[in-house]
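We just call them A, B, C and D in the order they show up, numbering each chain from 1.
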Amino acid sequence: MTLIVLNFKTYREATGQAAIRLAEICEDISNEYSIKIIVAPQIADIRAIVEAVEIPVYAQHVDGVGHGGFTGHITAASLQAAGATGSLINHSERRLKLAEIEASIAACRATGLSTIVCTNNIATTRAAASMRPDFVAVEPPELIGSSIPVSKADPDVVRGSVDAVKKIEPGVGVLCGAGITHGEDLKAALELGSEGVLLASGIIKAKDQRKALEDLVAGAKR
Amino acid sequence: MTLIVLNFKTYREATGQAAIRLAEICEDISNEYSIKIIVAPQIADIRAIVEAVEIPVYAQHVDGVGHGGFTGHITAASLQAAGATGSLINHSERRLKLAEIEASIAACRATGLSTIVCTNNIATTRAAASMRPDFVAVEPPELIGSSIPVSKADPDVVRGSVDAVKKIEPGVGVLCGAGITHGEDLKAALELGSEGVLLASGIIKAKDQRKALEDLVAGAKR
Amino acid sequence: MTLIVLNFKTYREATGQAAIRLAEICEDISNEYSIKIIVAPQIADIRAIVEAVEIPVYAQHVDGVGHGGFTGHITAASLQAAGATGSLINHSERRLKLAEIEASIAACRATGLSTIVCTNNIATTRAAASMRPDFVAVEPPELIGSSIPVSKADPDVVRGSVDAVKKIEPGVGVLCGAGITHGEDLKAALELGSEGVLLASGIIKAKDQRKALEDLVAGAKR
Amino acid sequence: MTLIVLNFKTYREATGQAAIRLAEICEDISNEYSIKIIVAPQIADIRAIVEAVEIPVYAQHVDGVGHGGFTGHITAASLQAAGATGSLINHSERRLKLAEIEASIAACRATGLSTIVCTNNIATTRAAASMRPDFVAVEPPELIGSSIPVSKADPDVVRGSVDAVKKIEPGVGVLCGAGITHGEDLKAALELGSEGVLLASGIIKAKDQRKALEDLVAGAKR
């Protein structure tokens, strides 16, 4: 089943009340088109969004630390208490050390949270997959926030990531991201072997968020 | 007015439902003893605690970034949307770069959040105070989580911090922390010239959190 | 006395043998124009350059750690053993935590190395100066590597830094940097109250490094 | 062929002149016992040690950045210019982000430097091996600097690492480390399937460094 993960980042159009409205749009489209949409709002917004919608809510980041003297860290336990069911890990804008990624995956696994580890190329995709998260999401950093979709600009990184993961840990899913905006981008991403996309600005900064998301989803179904 | 800041860290006894109960205890004691108590829970718990109590709720950390491509960061805007009214910055367990501290203070000021910058010695207290947060909180790292109060183990770092701040930025308040558990510790901290304390494990890990907090507050009033 | 600090960064034109040649050019110009030039090559190049020239050689970075289990860190002791007499600290491309800056200054002081702490605006200049390094060097990050000199693009950040340091720690010198290339840029920097400049690409990437450095120095003397 | 890597860390007994003496001891023992010993001194000491001995000299850390605006970073090019032939990467005391590890390995490969990526458990060993360094070196952090050898305290992490690497990238060598001091520790490490050890304090802090190293090597030959 195709998976769309909408990363709210810290955009004004996806913070506080606006984040709740955007999550509701995602839920509507998800129901209407029978497509799985996960929203990833800011940590402080998670609880309000969990109360507002029934689609899965993921954190944008989780630290691999447990209970104790870890002031300012984001624990899997606190995310779960707020109602999140998963987390992005190692996004290009919040890179982690190798040992931290492994600890974050382990902490999520122990708490029952799903994990999507972001990577920047085939080599790091292999490394991330070898630690057995639920998904890896490969995103060439230079395309993030651009309007050039990875599926067009660098199809080989997607294909190569899919192949590498199949060999090393076939149970791990592969997403791709960076520059994804339109239905054809999503379609191309699926044709390259990925199971879905991670996207952000293309939808969030659109004049009409609902229309943009609808176009993306509908376009991919054509 | 004496200020007590209770840092919930990521302790199990201060996460999720337990965090709400602990905040309610703090509110009770605050009302009963007419003392200002600020609670600093995990980011994901802020909104639920803001809904449960009327005492101020601070974040344990805030990043100095604004709206945009800052996945996984904690913005002042998101904290405010969740109902927080301030934040710790640069806690010993979540140290920041100098430019980040300055940006965090600026972001909080622009958003109307209060700031408490944590420091580890007199030199860094001077530096932190020079950036004009609302408070600095000096905590010798080796005493954090110990049962040896800074006010007894190293009174000079408190006195020296108070003196340094008075010279450099008299409008900035001085708190101290590390090893504070009992009323006499708080009392000693105030006598050294600080306006209050930052504390954590002494209360949170106590068998009876309410009794521990009551002893702290009552002891200081004697 | 005017001070010019040439930061070699990791430019190809300032690595290995090329670094030695560039340091020799700096020494020639320093002698010819009776101006103080400090070279700051990569750590691994320090010893060879110290053997080749007699002008001061600084490191680009030093960690505030001592002897012990600190694999991969740059200690003041190792820099001194290699013949360096000072170090940049907290350069915009190698930012440090507040407590690390303080520890680096302390380590250098204890070892007899001079310190230049880099900052990005007036507020961080104040904070850095309050920790009493030998110099602060204010460099607006957006101008670093550009051809727009800070002395023209943002004279107020230089003036404001000079004023702030005079008030808070008059014994600390003020340098400025970012976009400095020509003699007039240096001249303007001095007129704004700074004691010298920190520069890099303008000289290192010049077709003729010697001529570029000569123009800078000669222009400032006019 | 058994490989011994001696990490000088920042110990006083392995800095500056003392580092040269220690490297000479390593060379003597290497020749006498026909065993491969690599020394990993501080970056600023590399050139002097390369001039003094003919055994391989590795850096303790290398950044995955190239030529350009990377002040304070350690480039593969600068290490090579100083005569190093390899580098540790991601040591437990200098952990790197996943993307940085990959970039460091790529930079070393492009420059002709060998790579030893340090890891903390089987999962991160798998991830590191999947990026194809020359070696991975697994070191449980809690045993580093202790006198409890990993080969005794946690033989499964060594065995498990050897197995995992054989499956995922059989061309990558496996070292182990943490608490290795005596010949029997080295012997046990080899019997568990590793090709050698990474060690530090056991030799460097010994009253008689030569005797300690001799005991290690001789003991393993028995």
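Keep in mind that, in the parts below, a contact is a pair of C-beta atoms (placed from the backbone, for glycine too) under 8 Å apart; a residue touches a chain by one contact, two chains touch by 3 or more.
Nothing here was measured: the structure is a model prediction, and the numbers come from that model.
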| item | value |
| --- | --- |
| For chain C and chain D, chains touching each | none |
| Contact-graph distance - origin chain A, target chain C | 2 |
| Centre-of-Cα separation between chain D and chain A, whole angstrom | 37 |
| Separation of mean Cα positions, chain B and chain A [Å, integer] | 33 |
| Where chain B and chain D are represented by their mean Cα positions, the distance between them in whole Å | 42 |
| Two or more partner chains touched - positions in chain D | none |
| Chain A contact footprint on chain D (complex, rising order) | 90, 95-102, 106, 119-121, 123-124, 126-132, 168 |
| Residues on chain D engaged by chain C in the complex (per definition of touch) | 7, 9-12, 15-17, 19, 42-48, 59-61, 65-75, 77-82, 84, 88, 91-94, 144-145, 200-201 |
